[in-house]
Structures are given as C-alpha cells and as structure tokens.
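So that you can tell them apart, the chains are marked A, B, C, D, E and F in the order they are listed, and the count of residues begins at 1 in each.
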Amino acid sequence: MPRLTFERELASLRESVVRMGTVVEAQIEASLDALRRRDGASAEKVRSQDQYLNELFKQIREQIFMVIATQQPVARDLRRLMGIQYIATELERMGDYAVRIARMTKTLVGLPDKPLRAEFGLMGDLSIGQVHDILEALIDENEAHAREVAGRDNEIDRLYHRVFDELITEMGTGKPDPDGALRAVTLLLVAHNLERIADRVTNVAEDIVFLETGQVVELG
Amino acid sequence: MAAAVDRIRRPASIPRPPDRYRSLIAVVSWAAPAALILIVGVLFQQAWPSVTRFGLGFFIGSEWNQVTDHFAALPFIFGTVVTSAIALAFALPVGIAVAVLLAEPGAQGVRGALGTGIELLAAIPSVVYGIWALYVLAPWTLLHIEIPITDHFGSIPFLGGIPRQTSLFTAALVLAVMILPTLSAVSRDVIRAVPRGLRESTFALGATWWETTWKVVLPAARAGLFGATVLALGRALAETVAVAMVIGNRPEIPSSIFSPGYTLAAVIANEFAEATGDVYQGALVELGLVLILVTLTVNVLALLLVRSASARPAV
Amino acid sequence: MRRNLWRRFGSTFAMGAVYGLTGLALVPLGLVLWFTTAKGLPSVAHMEFFTNAQRPSGIPGGGVANAIVGTAIVVSLASLAAIPIGVLSGIYLAEYGAGRWASWVRLASDVLVGAPSIALGLFAFALVVVPQHHYSAIAASVALSVLMLPVVIRTTEGAVGLIPNGLRESGLALGLPRWRVSLQLILPAAAPGVITGALLAIARAAGETAPVLFTALGNQNLVFDPTRAMSTLPLVVFRDALTPYKDLQQEAWGAALLLMVMVLVINLGSRWVLRRQIRLARQL
Amino acid sequence: MPGAAGTKLEVDSLSFFYGKTRALKDVTFNIPERRITAIIGPSGCGKTTLLRVFNRMYDLVPGARAQGTVLMDGNDIVTTTKLLDLRQKVGMVFQRPSPFPMSIRDNVAFGPRLLGWNKTRVKELVRSSLEAAALWDEVSDRLDEPATSLSGGQQQRLVIARCLAVSPEVILMDEPCSALDPVATLKIEDLMVQLARDYTIVIVTHNMQQAARVSDFTAFMLMNPEGRHGELIEFAPTADLFNAPRDPRTEAYITGRFG
Amino acid sequence: MPRLTFERELASLRESVVRMGTVVEAQIEASLDALRRRDGASAEKVRSQDQYLNELFKQIREQIFMVIATQQPVARDLRRLMGIQYIATELERMGDYAVRIARMTKTLVGLPDKPLRAEFGLMGDLSIGQVHDILEALIDENEAHAREVAGRDNEIDRLYHRVFDELITEMGTGKPDPDGALRAVTLLLVAHNLERIADRVTNVAEDIVFLETGQVVELG
Amino acid sequence: MPGAAGTKLEVDSLSFFYGKTRALKDVTFNIPERRITAIIGPSGCGKTTLLRVFNRMYDLVPGARAQGTVLMDGNDIVTTTKLLDLRQKVGMVFQRPSPFPMSIRDNVAFGPRLLGWNKTRVKELVRSSLEAAALWDEVSDRLDEPATSLSGGQQQRLVIARCLAVSPEVILMDEPCSALDPVATLKIEDLMVQLARDYTIVIVTHNMQQAARVSDFTAFMLMNPEGRHGELIEFAPTADLFNAPRDPRTEAYITGRFG
C-alpha cells in the first residue's frame, strides 16, 4: 500500500470534485425548474446554494495546494491533482451560470406570465444531461466517454441560435411593451448561459483527457 | 550491421596500458611470504639430522641427554602447553572485562588512561618482565601463593610437591600478564566493531547495562572474541626469554605446577649457543620447527576467526 | 517493578566486577614500572653507565655503552631493510589488495607477526652465522628485520587504508598516473601512520632478546663493525640477570630501566602521531 | 490529520548541554498524542539531541545534561530515575537498522523476555508486533532465520516490531529511512501513518519532504548563530508550516533559500 | 544565488503572465475601439488574436505543471506558482470577454449606424484602467494596490445597470424595428461583458493577495 | 533548457561485467553536449557502473570489463589505452567530498602541477577554477589554509574546482550531494546549472527530485528481475520524463509506487 497519505488525499479530492459536480448539476436543474415554475423562492435558494459551491472550490484549491506542498507529486499523480483543479475551476464557473439563470428567473417572476418556449426545456435537458454524463466520465476515468459528451455541444448551439433569432424577431415586430422587451432579453440571457454551460462541459472533457492521458487536446 | 560484426570480433578483454608501478611493488611485497617460506625451509634443513635420527619418537620420548645424544621433546611440549593454558585461564576473564570497559563508548578520561596503561603492558620488552618476574614476582608467589596452596590442597594432583620460586606456575603468571594486552586489545576492537546501534537499541528497549553487554554485545562479538583468545594463546606459546628466566629450566615432566619445567622456546634460548654436534643442534632446531609450525597454525586459525568476525555483514 | 530493581542491582554489581578486574590488570604494570625504576635508578645515576663498556664482575665503573651502540647498529641495519620493503608492501596491499596474491601477502605478514622470535634467531643463525662461521650484528639485523617487516607492512597498510578511496580515485580522475597518486598523494597523506608503524617496529626490535641471542651473541667490548659479534641492551639484561653477581644484576636492572624508558617513550610518542593521523583521515 | 488531540509530551524550557557546550536552549512545545510529529532542521541544530532527551538516551554520553522539564503524562522525564520503565514506554528506532544477531523471532521476543513475561504471552506478542509492523506476511514462514538475512527495509520494520513488543506509548525515530532506498522508505512511511493510530510518533528527519509527507505536526529547529545552540523556531500543523510558515527562517529553510 | 533553475522558471512565468495581461488589455482596447469605429476587420483581428492568448495560457499551465513536477516548490514559491496559474485562468477568461465584445461589434457593423452611448466609453475606459492597474499591482507585487483596484468595481456596476435599464426602456417604447432590437440586445451584451471583466479583475486582486500573503480573501 | 545540442558521448550497446556477473546490458543512448544528463534508478541498477565506464574508473576493479562502444568525439572510450588523457578530459566528482590533505590552493594546483604546467598558468588556473566553482569569494583570503577546514559543501565545490583545473570537457558526478545538507546541496545544484554552459555534465543521483530540478535530460535505469542486470528503461528530456513518462516502470518509480 504505497503512499497511503497521498492516496487518501487524492480520494478525498476526487470525492470533493464529484460532489461539486453533483451540486452544480442540481443547481442547474433547480434554476431551470424555478424558471419553469416561476418560483422566486427556489431561484433565491439557488443563489444562496452557490456560496457552498464557492466554499467547496476554495477548499479543493487549498487542499490541492497542501498536497502539492507536502506530497511532491509528479507525472500521473500530479496530473490527477491539477486535472481536478482545472475541473473544479470549470465547475465553479458552471455554478455561476446557474446562479445567473436563477437571477434571470427572479426578473421574469416579476413580469407577466407567458408560456415558455419549448427550446428552453430541450436546452435545459441537454445541458443537464451533458453535465451528468461528464461527471460519470470523470468518476469512471473514462476518456472516450468524455470525448463523446463533448461532441454533443452542437445541438445546444443550434437551439441557442434558434432561440436568439426568434426572440430578436419577436422583439422587433412586437408592439411597444417594456415588460416584453425585458422578458425577451432576460430569456435570451438564460439561453446564453445554458449555451455557456455546454462550453464548460467541453473544457471539462478536455481536462479529463489530460488527467488520464497527459495529452492536451482541443475538443471545442 | 557492420558494427555488430565488429563487436563480436572484439576480444573479450579490453587492452589496458601496463602498470609498471604495480608490478614493481608487487615484487617487493613478495618479501614477507618469501621470508616465511624461507624460515620454514631453513629450519627444516637445519633440523634434518635430528628428524632422520629420531623420527616420530622425538615427540613421544621424554629423555633429553646431551651426553648420549638422545633427545625427545615431550617435556618441553608439556611445559609449553601447560604454562600457556594456565596463563590463558588467568588472562581470559580479566582480558574480556578490560575489553568490555575499554569498548564502552566515550572512553575518555579515566577509561582512556586505563586503555593506554593496558597497551603499555604490551610494549614493555619481555626481558624486562623476565628480570622483574625473577627477582620480584617469583619470591612473592612462592610465599603467598604456592606454599599456602601446597599446604592446603597438596593432595590434589598437580598442586602438591615442593613449591619452588621458578616453576611452571610462575612462568604462567608472567605469561598471563604478557598476553593480557593482546587479548584485551583485540577483544576491544572486536567489541567496538559491534555496531553502536545494536547497543543503543538494546538500551532503548529498556535493558540494563549488563543485559546489553551480556546478551547482545558479547554474543555479537563471539567469533571475534574466540579469535582473540586463540591469538593470545599463540603469543603465550611463542614467548621465550621471560619464561626462560623463571620456569626453572628442568627438562622433565613435573608432577606439580609448582615445580620447575621447561618450554620449547626456553630450551632453545638457553642451550643453542652452547650446543655442539649436528644432532644436538638439529634437535634444538627441530624444537624450533615444532614451535613455529604450531604457532603458525594457531595464528592462522585465530586470524580467520577475527577476520570473519569483523567481515560479517554490518548488523 | 521489583523485577526491575533486581535487574538494576545485578547490572550495577556486574559493572563493579568489571571495574575490579580491570584494576587488577593494571597491577602488574604498576609493579613492573615501580620495581624496574626503583632498582634501575642506582645504576643509571652514574655517568659511566652510559659511557663505559661492560666490565667483568668485581671491577667497578662498568657501563653498557657497548650495548647501547650495539642496539643502535643492529636496529638501524634492520630498519634499513625492513622499512622500505615494508612500506612498499603495505602500499601494495592497500592499493591493489583485492587479489589472491595480496591475500597471501597479508596472511604471511599476519603469521610472521606471531612467529616465535626465537625461531627467527634460529633462522638468521642458519642463514648468516653458519655460512660465515662467526656471529655478527648483521645476522641479528636479519632476524630483526624479519621481525619488523610485518609490523611495518600492516601499519602501513592500515594507514594507507584509512585514506578514503575517494582521494585515490580523485587523483586518478584528474588524469594522474597511478604511481604519482600513490607516492605523491596517498603516501604523504598517510605519513603519520606510516611513521608510527616504523617507530613501533623499531621499539619492538630494540626490545627483543631471543633473535639476538645466537646471532649478535654479545660482546663485552665497544665495537662498531657490524660483521662482528655485538651486545645489545636486552642481551645485557638477560645475561647479567642470571649471573649470581650482585653488581652485574644491578647492571641488568639499569639496562632494563633504560630499555623500558626508551620503548615507552617511543610508544607514547607514536600513539600521539597516530591520533593525529586518525583525526586527519577522518577529515578527508 | 491534525486536529484535536491530547498532549503526550510537554516540553518546557528545555536546555541541553554536552559538557560545557550548550546544544539546546529553551525549547518549549507540546507533542500531541497519537499523531506524528516531525522535527526538521539543518544538520547540527540539535534534532537528535532533543529526541534523545525523550528516552534519556543521553545518559550514555558522559557529561551530557538536560535542564527544564519534559512531562510525559505528568511525570518529568528529565529527572526520573526509573530509566528502565521510561525506555520501555518510549521506544526508539535508529538511523541504521540494528537487528540483534539472533533469529527474527528472538529479536522481537528479546524485550518481553527481559521483562519476564510468560511464554504464551511472548509468543502472541511476536506475532502481533510483527503484524503491526507490517512484516508478518513477509517473515511468518522463516521466523527462525537470522534477522540479518532480511533486507534493509525489512530490518528496519523488524526493529520497529521489536520496539512495539514491549508496548511502548511513544516511538522515537531518528532518521529511520536515511539508510534505505526509496521503495523501502515509502513502506516505512506508510507504516508510520498506520502506527500513528495507536502510538505517539516523533520522527527526526533530514528530509523535509518526508516530514511534509507523513507528519501531522512539524517542529522546525535552527542553530542560533550567536549562541551556537539549537532553538525551536516554529511548531505548527504540518500543512500550515509548509503552506504558509509564520517565521521567515522557516520559509527560507523549506524553500531552500538559506545562507 | 539559490535555486537558479526555479528562479529562472518563475521569472519566465511571471513574464508570460504579464504578457498575457498586456495582450488582454490590448484586446479589450482593440475590441472597444472596433466597436467605436464600427470596424469589422479590427473586430475579426481580436478574435484571431485570442488564439495567441489561449496558447499562452496553455503554455503557462504546462510550464507550471513542469515546474511543480521538477522543482517541488513549497510555501511562498508554490503560492507564487499557483497564484500565477489562478491569474492566468482569469486573464484567459477576460480574453474571452474581449472576443465576445468583438463578436458583438461584428453584429453591430451589419446594422445601421447610430451614435454610441457615452456610458460605453466610460465603462471601457474604466475596465481597461482596472486591467492595467491590476497588472501593475501584479508586477510590483503590491498587495495594497491590488485591493484598491478591486474596490473600483462599483462604478462600473453602476454604469452597467444604467445602460441596461436605458436599453430596455428604449426597446420597450420604440417602434417595431428588428434591427433596433438586435442592436440594443447586442449593446446590452457588450455592457454585460464589460461588467464581467471588472468582476475578473476583482478575482485577480484576490489572487495577488493570496500570492503575496497566503491569505485567501473575498474582495467581491 | 533541453533543445538542440550536439552529442558528446554516444553509448552504443554497452554491456558491463564484474567477473562473470553482468551489471549492464545493452545500454544505448546519447549524452548531449553542454547539458546536464541525470541517471536515476533504484539502488544496484548500475548507475555508478555506467558512470565509471565514461572515465574507465572501472579499471581499478579486477575482473571488470565492458563490451560495446562509448564514443566521445568519435573516439572509443572502452578500448582506448590513453587513460590519462581520457581521465583528464572526463573529470569526476564523488559522493563524499575528497579534498587532498593540503592547502586549498595546492588542492586546485595539484593536477596542473603534476601535469607539468608552468607556474603562472597554474596560478591563473587556481583562481579561474575556484571562480568557476563559485568558491573564490569564500576562500580567496585563505587559500593557504588546509582544505579540510572547509565545510562539506565547500569541500565539494573545491573538488569540482580541482577537477575544472585540468580543463575537462565532461564532468561525471556520482551522487555529489548525498553527503551534504540541503543548503549545500542547493548550492551545488546551482553550480551544476552554471557549469552546464561550458561542460557536459553527467550526474548519478538517488534523489529523483534532484534529477528533476537540475537536469536537462534524464536516463532511468532498472535492474532486470530475470537477468539481474541493469538496463536503460527510458531516456528523455527531464520535463517529459517527469510529466508524462512513456514507460509504466518509469512512472511507477517516479511516483514512488514500486514493489
């Protein structure tokens, strides 16, 4: 059983980063759910939950720092550590998107109700699915799976552009209606953030490839 | 491909420039073995008249007669062996005790002085021991050791008879003093060679000083201590003048250790200069030959023991 | 706890016994030093003791000048042969001492150290005295040089061996030839140890009786010619001590004191030199 | 992991002298129970000296003397006269593995036998100690072979087992890995981490990274350039000391920027 | 001169990260300039320049990785390395914002020309100034300066909210005009990105504090 | 920094035998000029043996013999008989600093003097070598003190200066820091980095991290468990070897996961 301490620390770090991933997934889900249900309280909860995510991120950073300082890892060991740090950075950023979606939701709650476009549901499901699957790839250390997940980026991109065009058109042709404009812009930002989440997933996939093989790839 | 073929053809031994310096000093270093072989050879040659004349009987008979030209070695062998054995019996416990003390780490101050003192014992020429033993030790021994013992334990074999100043016992005492430095110095080195960690870790387990010494240190040094003993025995067997001065010089096998006797070396020292005739001289040289062969054997044995003790993997 | 008490007591007791035995070992040293000094001083107190040759019993004014000179000549001659050969052999053992031949040399010199000195006397007698038909200082020197040789060899080997291998390899790694490294680097570094060895060998040779008994034989007169019989200090002690004459016995005590002092001075001196060597070697 | 833990050894204003030269001055800190405490510092700063106070090994050095107090469970180590008890409670492992010249079994049984424990108990102890030292699997079928037939790393673990056999509470280790190769070193380090569940471990090491790897707390010592005596510069949880040391001298030392 | 190699590597890393900073600053400036001048080509150049920034970032990451693997840094040394990595991550993100502003610019170039609001100039100057100053704090290893720069965040926030409100109002009250809607949304996104840049500056300031003192602070 | 560099030593199918036991088998790699090449590997894998082929130091071991070629500037080291020239060109620094028992000045001047160089040149050399070895500032005012009065690290630098004085092209170092404390070690490491501007340096080290810190290229060796001979497992730029080694055995070794 070589390097007990290092393995212990690494295991705890992996656990933390997976926890981070799970929380991020839950946050995205919760924010979209709040959006669908127009539930300001839930949205607020997403915002406060983000603190926990930030905490976790800082902890991971610090723990990695400590492990490097005390365990002098090299090669694969170091890759695994740094890979975890890269991934944690991306997850933290994804968490920010969830918060922003939640913030948009709160803006929308203050506006008159209108049915949500179908694309949002689709985009939400797609991005949550991507986050979920990339976490699995991370847990299984499955490089091929990670590459596959990153490849699903296009579909979300397509949906985003459709939503964007439609919303702009809607705004441009509609009657003067400040609420409508705000609503459209807000929804546009929600879509924008969902698309960004997918971008981050691609980065995580790149990090997983690095962590497992040491290769620096471009999956974007 | 060409390189591979080339490599196979290359001779197994690599050319090295000649080392003339090495050859020169190698030749010089033959001196010691050459001397040894020469000594044995020359002595053999000198002893030849006696060897052919007496054959193996030389070692069984006990007659030593210049008049009849009849010579045999048993009394001398007896004297040599008995004095050496007694000397060893006296010296051994003292020598090991000294060695244990000297080997204690941090042998500064008092212990350092003790060590120097013991080593000086070895430096004093044997003839000085001889004169001291003859005029100081022998009279005192007679009065305070030999007479009381013969008085009380006279009935025990080898302890009876009429005690004399010059006796096997006195010779053995001098020998004991003379071999003590060898014994303790070699033993000390052997004990010192016991790794410090061994001692310290025994203490660290909560063992006392004696437990450490007796159960770990001395056993670890066992082979070397045995070697030291044998080495000391070799010294005792070979000692000449100090013994010649106090043993009484009587060529017979005595019935008591308090009676005079003779040793191989002593008889040569005393009689060789006056020995006339090939056979008489030859017999004396043959004694020398016996002596040198015995001491050589003992020494080689001892060396092997001490060497293997110090060459043991560091424990 | 009671057990520990017993263990501690036993240990203290054993320690006491060890100290006791060691004290006992020093008794003879004290006695020899004391008696030799006490009995020898009266002789040494006279200047003639050092300037005059021996005289027969009953004639006053006898000294041991002849023996002092004889010892010096015999030992010098022996050193002349034994020290260079011994030092070179010692270097050989230390530097090339891995092979089988070297181990024979080593064994031979170890065995020679233990060879009975009387046998060396016999050897020199047969080798020198018999062909020449007379006793001589040279014959004694031959015996003594054989006696000194192993001492010089082994101390030289020890001293050179103390010099860390790194020094030798460093010298060679500079591109210096082997003989330069050996004689100009290693030997100077080992010099104190080598000198110690030589001194010890001299002290030992000067104190030996048996090898000179029937080689130098002894001579009452002051002679300087090494081809003639000569006396040495140990011979004086041995011969005079066994005479029944008080004045000769007194002379023997004086010679014994002289011999002892000389040997002890050399020994203590060489110990000092050796200590320096070890300290030096440790720094290397 | 560092954290709440009782104090096993309370070192208070400890000074140490070899004859007239002072080796340690006013060392004060607490060694926590069931944790690994590492002592690091440059050569000659008194690490070994400090360690040897804890089992009074310095008694073997003539003229050595300690001042101040070191309390173990409330009893002063510096002044105690019950050396045998103390050394039984405070085991020690040295730089070079030093198996006794006897069989593997006898090595471990040596201490318990001296203490007069009965045979069945000794037999059990041999096994349990070897198991605790992570050596049992490797030697169980050759307990009667001489201990010297083991490899360096195994010997060091044997020595640890031997020391466990007399049920110590504290184990002192003076550069226990410096004579070992990296593989054996890692094994010993892992063993230390395991042993720290039951024992208080104090380790002196030249190798900062080893201290960083295994210890929970680290004490950094330095030779005072004026007084020429060793001092304690900083004592802190290892992670803190290696991430953000409080004293600039500690920082200079651990980042290799001395002198 | 202790640890020559390490010091050399560290110096080269600092140089790289400062270069990154300078490029980011230039990128932001260039993108805003393109926006002001409605210069599609310049905007395109910003996009292509970003590749260089990404390269630089990857190089820094790799170099840090190598230095950790080979130099086993601890304490301050390690903090400086990791600090540089954290900062590089933020700079790379800032670079992304510049690219996005450039992309918006290209959208705007395709739309009818209209004078730009004064706030954009202000926000641009402010954020460029922040980036510039935080770089100086990094170069000078000046923790206090870094804290000060982070404090300037509020002004930009205020401007952003003003711009946001005004644009929404404009959209809501205006006549149906798809181009106008697209333009407003695009400008809104530009403002959003400028605000984000300022957020990143705050993070860099936090990283500088960490790098210099080892303290983990929250300047947000 | 690694990068384009000429080859100084071309090792081709080198095998090595101590009597009948094989210590190295088929080692093939090129040592680049003016770079630091580190040789790492567990104890007994033949690092020292390999190093000692380069200046034929193995000639001191009876029965030792090499097979294959080692070309230095096109000349085969293995078969040359010009040992003195070779050793002058290929300097060596050993594990324990070995100052000659003479003054600091004489230490450095020893080689040049015996090689018969003239006095003014020797005098210049003493200074320039000591400067190159980063020792001049520390000893310039006490050149006549005995070399043994220097500290361990200074001694090691003196040895390096001594070796520079005979103008070598290659400097071999066999664990040059293992007898030194961390501070002295760092100084020597820095010195190596500086020397690599002018000299080809090959260093054997037990300490992987040292190899990682100072070297441009690293050779990893291992004892073949069947043949019981040393083999070269991987030779690569140091950064590559420590970031992403190609051979799993290298990875296992550098991450400490052996056995």
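Here is the rule we use: a residue touches a chain if its C-beta (ideal position, glycine included) is under 8 Å from a C-beta of that chain, and two chains touch if they have at least 3 such contacts.
No experiment lies behind these values; they were computed from the predicted model shown.
Which chains does subunit E share as contact partners with subunit F?
Touching subunit E as well as subunit F, we find A, D.
Just the chain pair, please, that has the highest number of C-beta contacts.
Highest contact count belongs to chains B-C.
Which chain's mean C-alpha position is the greatest distance from subunit D's?
Checked the centroid distances; the maximum from subunit D is E.
Check the residue numbers that subunit D and subunit F use where they touch, and answer same if over half are used by both copies, otherwise different.
Same: when the shared numbers are divided by all numbers used, the fraction is over half.
Let me have the rounded angstrom distance from the C-alpha centre of subunit C over to the C-alpha centre of subunit E, please.
Roughly 90 Å separates the two chain centres.
Distance between subunit A and subunit F based on Cα centroids, please, to the nearest Å.
Taking the mean C-alpha position of each chain, the two centres sit 52 Å apart.
Could you put a whole-Å number on the gap between the CA centroids of subunit D and subunit F?
Distance between chain centres: 35 Å.
Distance from the CA centroid of subunit A to that of subunit C, rounded to the nearest Å?
Centre-to-centre distance between subunit A and subunit C: 92 Å.
By the touch rule stated above, which residues of subunit F touch at least two different other chains?
In subunit F, the residues touching two or more other chains are 186-187, 208-209, 212, 242-243, 256, 258-259.
Could you say which residues in subunit E touch two or more other chains, in rising order?
Counting only residues that touch two or more other chains, subunit E contributes 2-3, 65, 69-70, 72-75, 78-79.
If you look at subunit C, which of its residues touch at least two other chains?
Correct list: 7-8, 177.
Where on subunit E does subunit D make contact in their complex?
2-3, 72-79, 214
Please name which positions on subunit F make contact with subunit A in the complex.
208-209, 212, 242-245, 251, 254-259
For the complex, give me every residue of subunit C touching subunit F.
98-99, 164, 166-167, 169-177, 180, 184-185, 188-189, 280, 283-284
In their complex, what parts of subunit E are in touch with subunit A?
Subunit E residues touching subunit A: 58, 61-62, 65, 68-70, 72-75, 78-79, 82, 86, 89, 168-169, 171-182, 184-185, 188-189, 192, 216.
So in the complex, which bits of subunit E are touching subunit F?
Per the stated touch rule, the residues are 1-6, 65-66, 69-72.
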